[in-house]
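A, B and C are the chain letters, set down in written order, and residue numbers restart from 1 in every chain.
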Amino acid sequence: MEAIIIARSKFSLSALIARIVSYIVLISWTLITILPLFWMTYSSLKSNEELTRNIYAFPHDLFDNGDDEYIVIAPQLNVIPDYDIKKDTRERLIIESATISPGRRLMVYFLVKEDLPPELAALEPGDRLSTAQLPPPMRRMISWKTMTFNYRSAFVRGGLGFKFLNSVIYAGVSTFFIVLLGLMIAFGIAKMPFKKLSLFVMGLVGLGYLISQQSVLIPLYLVMSSLGLTDTHLGIIIVYTAFGLPLSVLLASQFMKGLPDSLIESAYIDGASTFRAFLSIIAPMCVPVMITIGIISALGIWNEFLLVLVLASTDITKSLPVGVYSFSSLTSTQLGWQLAALVIATLPAMIVYFSFQKQLARGVVGGAIKG
Amino acid sequence: MKLRERRALGVYLAFILPGVLLYLLVVAYPVVYSVALSLSDYNPNRGGDWNFVGLLQFKTMLSDPNFYHALRNNMIVVAVSVFGQIPIGFILAYILYRRMVKGGDFFQIMVFLPHFLSTIVIGTMWKRMFQADGPVSRLIQIFSGDPSAQFDLMLHADTVMYPIGFALIWMYTGLYMIIFLANLQKINDSLIEAAKIDGATEPQIFLKVIVPILSGTILVSAVLAIAGSLKGFDLIFALTTQGLQRNNAMVLPIFMYQTAFQNYSNPMRYAYGSAISNAIVIISVALIMASNFISRKLGVGEETY
Amino acid sequence: MKKLVRATLIFGMLILMAGLVFTGCQKEEAAQGKVVVDVMAYGDNSNQEGVNWVRIVDAFEAANPGIDIQYELLYDEAYHQKVVARLTSGDVPDVAYMGADARWGAPWMEASQQWDHTPHLDAMYDKSLIPPHGPNGEIYEIPLGTSNITTVLFMNEKLVKELGLSAPKTYEDLKAMVPAAKKAGVDVITIDGADGWAWGSCVLSSFIARTSGDPQWVSKAVAGENKFTDKAFVDALTIIDMLVKDGIIPAKSVLVDYGSNVSNFSNGKALFMIQGQWAAGGIENPEVADNTILLAWPKLPFEKAATAGTVAAAPSVGYGVTKKGASDPAVRDAGLALINYFYSEAESTQRLRDGAIVAPILKNYQVPSDLPLIVKRKVELAQSAGTTEVIDSYLTGAPNDALNEGMQKIVSGQATPAEIAAKVEELARK
């Protein structure tokens, strides 16, 4: 009797320590993960000047823009109208921000003179004005554009909208084939005869996992070049699929080996063809590993940079990481834009991640095995 | 008899071939090219002839101190992966599976999240954290009371692998945790219940019941970890600045990359680089075969349902 | 479960079809009677070069409807990787951003793609301002501007005066500034020491010229006439050691990156900044920028009179037509037209204003009177200081890496100048 009581109290103490340690580890992990991301997100809403002044402060300048100072400038080489000058011939007053990227022609507005009060329309280059002096519609437009300065610049200059679409296509199509072909090969290896051959295939495909992308970069480019597949969506998808197969086959075959053969035997006895057995019985049971492979593959492709940099040359085929990287140069002068681009690239992955978490957390397991 | 075998073979090939053919097309040629290149002195930029030079490139590599430096660092990375990420991932998965902490779902999300960030993001943020008078330096200054202390672990070759190892564990453990979690959920609950009725404590359940069942998963994870460590390039490249930091933290893939793409003083750099990348594959295979051998000795992978 | 599988399959099919449609779309562009020029451009969406490039191409195409410019705009690592990939596989661009020295010209030289522009050089260029690139005076690219000064000491004059100090004339003057700076809580000199190349290009290149008295010491060393273990080179490295030991350059600068360096200076956290002349355009704070003077290094220990007051300048990079581009006359002429437009007076003036170049290479160029102060001062420095070689124009690969890393080691107290000099010498002779 006493022995059991002592054993139980010992159990509680060590369990308590274990729990405390677990909490410490998990909470620190969370902080290390979240804090930098939090910084990145709120900093992407700051202007470059703000970031240079104080890199940790909360955003202010871009939002408190009711009274921003602007300078009137004359038309110049690097002042690019945002309207078609041939079609729209109304006279414009060109103003540039005096506080946000002054002098770089990045924050320039072309105000139609007709819509301005006469004293403003008569201003000469060099004069200053404040946004508070402008008519409300203009003030609101400028205010909105100021707040979204970093994100608009990132999207427009980096062509991120289109690159986003490309990333979705690459990740989606490649992952689909990685899962499909991976499961097929795994099924052949794990559940069908010809074990010697399977071992060979497994080794062959597994070997591919050991190959880093840098080492095959040049010859891969040569192969794709000779097939005429460089700078095409199809070529990039083929490459991603091929590189994603080893991991897929590895994980899926290990999972399938754990599934009892009895199920398939009974299916065969019932007269089902191999293909039927695969589709109706095995595939549904593999959903957990399909999700795992799917997420890992899609994620790897979404964030992949080197292969797509080399294989894609025109904006039509470039994907999001390349677009994001174009804001990260060593001598970059627009940290705000870079952070905005990083957020744009990270946000979708986060959204997908948080949506799929429920699937993973609930542990989707095919109904057939339990009990 | 023969007909049935042939039909079976046909079905088998129907399942295997599409994927394998695609794989061979994309991966086989570059690999063969790379092997051939490592046995020659060819420079694709200049054209000219392929001259077979036997193991010259490999000999150069084996007498290059930079190779050994990179190899040593890589072995540390492998050790961190196999003996750090996998056990930690496994234990975390077990803790979450057995619901030993509250908010398991939330923590699961947080631990796996780093894996979803691109290395550009991580590099940008962590470089900022490690720079002079950055957040990490400030923390050190507060804790040590020395206002001029800096985070200079990355400047010295013998301490650089600590922050790198930390970053590696932070980023990749989530993956193994998820793999173990998926496989844990396949286990029949009744086994655990039976163990509990027999009076086993949590650690005992973990060590005596769970680990043996999932030993196959451990092996697969170890193989993945070894392979990933030896070809992993992005994270270390992103965390270090070019120069002292990167040279201190040099691992084989970065060594290969710098040799082949940047070392203009060596006209045979492509061939030399190929030798290095082939050496990486050989080392990976050796390590994986070793782990297979060890696990077979330990009786891993037997199904004990 | 079945519904999920079916939904996923349908979704996958849709994406697949979308992908194939896009693949089909790409084939159609090509020939519509236009001359297509394939350009590898250097720039980035976040800096002036990239922003200007996009604008220039749009304007050029609008003015030349018969020419279609297909370009790829990359920067830093990505640019070099892509160049290497394309050259090795034979997919050579028609026009590209290149140089003629060991760092920027090596891939093109290896691939034999350098093309002599002299027969087709437009009259708008001042040939005397373009250094020869080839052994017989060939010109392989049109430089963006006259020599690219890499060892500039930017001084925040206002801050210096506030501390009761004045522009340093000797090393001792710099040393004397340390106590006052410490009291005010600022650094004397800030440098982006985390980047290895900064030490070589922005510091040592000038030091070695000063200590050796020979503006061409480096190229001679690479050719074997000098040794890196010679006293002059070891002295140059020793000066770096002295700068750190005397507190002029803080040891923590090895942890400062490019962006932080410029922002430290912009925020008035340092009296001086070390960088190349291109950083002038990056000083965000107009108050600081207007009060910035550009100096050469003052009189240094071990300095020889012959090279007093010199700065190191690299031959400028720029755009050039490749051999492949020149093989088709129509493409060649279109490429040259683009280049001439890129270097036109209006565009060159814009680059001057942005602080990207020191002076254009155009004939009879009139410097506008309304340039920003800092640009004017840059021109003054360029006109007054003699120039010497930059190290990585001649030394590349393993020895250069060892040198840059070695200097970082010296600064962080892990190696001595003599050790580093010996290592560089050993690697340079392999």
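In this section, a residue touches a chain if its C-beta (ideal position, glycine included) is under 8 Å from a C-beta of that chain, and two chains touch if they have at least 3 such contacts.
Bear in mind that the values here come from a model prediction, so they are computed numbers and not experimental data.
Q: If I average the Cα coordinates per chain and compare with the overall Cα mean, which chain comes out closest?
A: Taking the mean of C-alpha atoms per chain, the most central one is A.
Q: Where are there more C-beta contacts: B-C or A-B?
A: Pair with more contacting C-beta pairs, B-C versus A-B: A-B.
Q: On a CA-centroid basis, which chain has its centre farthest from chain C's?
A: Chain centre farthest from chain C's centre: B.
Q: Based only on mean CA positions, could you tell me how far chain A sits from chain C in angstrom?
A: A distance of 31 Å separates the two centres.
Q: Would you kindly tell me how far, in whole Å, the mean C-alpha position of chain C lies from that of chain B?
A: One centre to the other, that is 36 Å.
Q: Just how far, in Å, is the C-alpha centre of chain B from the one of chain A?
A: Here the centre of chain B sits 22 Å away from the centre of chain A.
Q: Two or more other chains touching the same residue: where does that happen in chain C?
A: Residue numbers touching two or more other chains: 81, 84, 88-89, 195.
Q: Using the touch rule from the top of the page, what residues of chain A touch 2 or more other chains?
A: 218, 222, 325, 328, 338
Q: What residues in chain B touch two or more of the other chains?
A: 44, 270, in rising order.
Q: Which residues of chain B touch chain A in their complex?
A: 8-9, 11-12, 15-16, 18-20, 22-23, 25-27, 29-31, 33-34, 37, 44, 92, 95, 100-101, 105, 107-121, 124-126, 128-129, 170, 175, 178-179, 181-183, 185-186, 199, 201-203, 216-217, 220, 223-224, 227, 230-234, 253, 256-257, 260, 270, 273-274, 277-278, 280-281, 284-285, 303, 305
Q: Under the touch definition given earlier, write down the residues of chain C that touch chain A in their complex.
A: Listed in rising order, the residues of chain C that touch chain A are 1-2, 4-5, 8, 11-12, 15-16, 18-20, 22-23, 25-26, 44-48, 50-52, 54-55, 70, 72-76, 78, 81-82, 84-86, 88-91, 195, 258-259, 263, 266-267, 278-279, 281-282, 284-286, 346-347, 349-350, 354, 372.
Q: Show which residues of chain A lie in contact with chain C when the two form their complex.
A: 48-49, 52-53, 77-78, 80, 102-104, 106, 154, 157-158, 168-169, 172-173, 176, 217-218, 221-222, 225, 230-234, 237, 283-284, 287, 306, 309-310, 313-314, 316-317, 322, 325-335, 337-338, 366-367
Q: Which residues of chain C touch chain B in the complex?
A: Checking each residue of chain C against chain B gives 80-81, 84, 87-89, 102-103, 106-107, 110-112, 194-197, 199, 251-257, 260, 396-401, 404-405, 408-409, 412, 414.
Q: Could you pull out which chain A residues touch chain B in their complex?
A: 7, 11, 14-15, 18-19, 22-23, 25-26, 29-30, 32-34, 36-37, 39-40, 55, 181-182, 184-185, 187-189, 192-194, 197, 201, 204-216, 218-220, 222-223, 238-239, 241-243, 245-247, 249-251, 254-255, 257-258, 260, 274-275, 278, 288-289, 292, 296, 299, 302-303, 305, 321, 324-325, 328, 338, 342, 345-346, 349-350, 353-354, 357, 360-361, 363, 365, 369
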